[in-house]
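This structure is in structure tokens; I'll ask about it shortly.
To keep things simple, chains are lettered A, B, C and D as they appear, and every chain counts its residues starting from 1.
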Amino acid sequence: MKQVFVKGPITPDFIATSIAKHQSKYEIGAHNIFLGQVRADEVRNRKVAAIDFTCYEKMANEVLHDIREKAFRTFDLTCLHIYHSIGEIKVGEVCFFVFVSAKHSKDVYEATEYLVNAVKKKAPIFGKELFEDETHQWKVNKTW
Amino acid sequence: MKQVFVKGPITPDFIATSIAKHQSKYEIGAHNIFLGQVRADEVRNRKVAAIDFTCYEKMANEVLHDIREKAFRTFDLTCLHIYHSIGEIKVGEVCFFVFVSAKHSKDVYEATEYLVNAVKKKAPIFGKELFEDETHQWKVNKTW
Amino acid sequence: MATIRYFGIVAEVTQRNEEYIEIENMNVSEVWNLLYAKYDLSTLNARVALNQRLVDLNSSITVNNNDELALLPPFAGG
Amino acid sequence: MATIRYFGIVAEVTQRNEEYIEIENMNVSEVWNLLYAKYDLSTLNARVALNQRLVDLNSSITVNNNDELALLPPFAGG
């Protein structure tokens, strides 16, 4: 079972290290990376300052395993990685990182979009939007 | 005119710095990054060791300006960046970096694919594939 | 004893992350109704997972002792 | 004098990156034929750009002194 959940934000350094690890894989010609960044949304004059993520990890790991398997069956990929933050992630910080690699560029785009949408729709991850005024509301993905 | 051409490989550090620069833009919710990595292709038992890129920079800058303008007209983007290496880039190194950011994830995928394909098709960049045995051949994009 | 787990806004409403309940001849639908009455879950639009798999709220699958039932509010990953 | 620029495999064949030629009443097609005959460009599948814009090889657009004409082999960026 691959480690998906990262405590705290996904840093630019973490992303750089992931990219560097793929530079010894000479069969790769194309990478596609999706990053979800916490946006300062405004809801009735309250501004989001951070999102506090929790998850049902045991179920999430099984769901993500299935998503990963399906992506490998559907697309011609060399490798793929999914990371999601747990804990409080401030606006401007990255909380979601999908990394797809393939021999040719044509194979990466749709796979990335599939993975992002499947995680949003199927993974039991919960987000509490913390506003600047210390109130909060629970985030709901459109796909629910 | 934005600086597109980078001498030598595009390093993971360069990519990390680009990502970090976007973390103060709180209206961004999604990034999509494409990376082209030099692949160790085999051509009649000769293996690619590097690609030596040159370009017609004056024309390339105009073409890339038009591509960028069209992307902003077509897709709902916050910002976009295109970088391409010039000079000798070894297998495993990154030579092409497209970075698209938007408010929502749905807007980034197609924009990235459009940009990658437009650069491959329209930018006057030339690649000399250097084989391990010191022979070479000129790379030809399928879109030519 | 079956384990009942609560997440997100559901845990906020139930004011606990988990509890253990004695199950005898109950199916998913019956456990759900029991918890729905115990806490007011009416506005939460929750789903149920039995042993980490989503099941229908009206499911007649039997819940056994040692099973884990989770009440999940809308997902919000990504 | 018009500037003629060569790139990639075209520069490899012409053995130069650029040269200056005196142009008088010539259009793109005529300049192309002149260079095509001077160097053997038959196998190169090249295109022509006049002042950084692609033009047809058979174009009758006039080439003026101070113009820049570039002979471009297949693109290979990305």
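In the analysis below, contacts are C-beta pairs under 8 Å (C-beta built on N, C-alpha and C of every residue); 3 or more make two chains touch, one makes a residue touch a chain.
Since the structure is predicted, the reported quantities are computational estimates derived from the model, not experimental observations.
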{"item": "Shared chain contacts [chain B and chain C, defined touch]", "value": "A"}
{"item": "Intercentroid distance (Cα basis), chain D paired with chain C, Å", "value": "73"}
{"item": "Separation of mean Cα positions, chain D and chain B [Å, integer]", "value": "26"}
{"item": "Centre-of-Cα separation between chain B and chain A, whole angstrom", "value": "23"}
{"item": "Junction residues of chain B - those touching two or more other chains", "value": "36, 105, 116"}
{"item": "Interface hub residues of chain D, defined as touching at least two other chains", "value": "78"}
{"item": "Touch relationships between chains, expressed as pairs", "value": "A-B, A-C, B-D"}
{"item": "In the complex with chain D, residue positions of chain B that touch it", "value": "36, 53-56, 58-59, 62, 84, 96, 116, 119-128, 138-141, 143-144"}
{"item": "Sites on chain C touched by chain A in the complex", "value": "5, 7-9, 12, 45, 49, 52-53, 70, 72-78"}
{"item": "Residue numbers on chain B that touch chain A, as the complex places them", "value": "12-13, 15-17, 19-20, 22-40, 91-94, 103, 105, 108-109, 112-113, 116"}
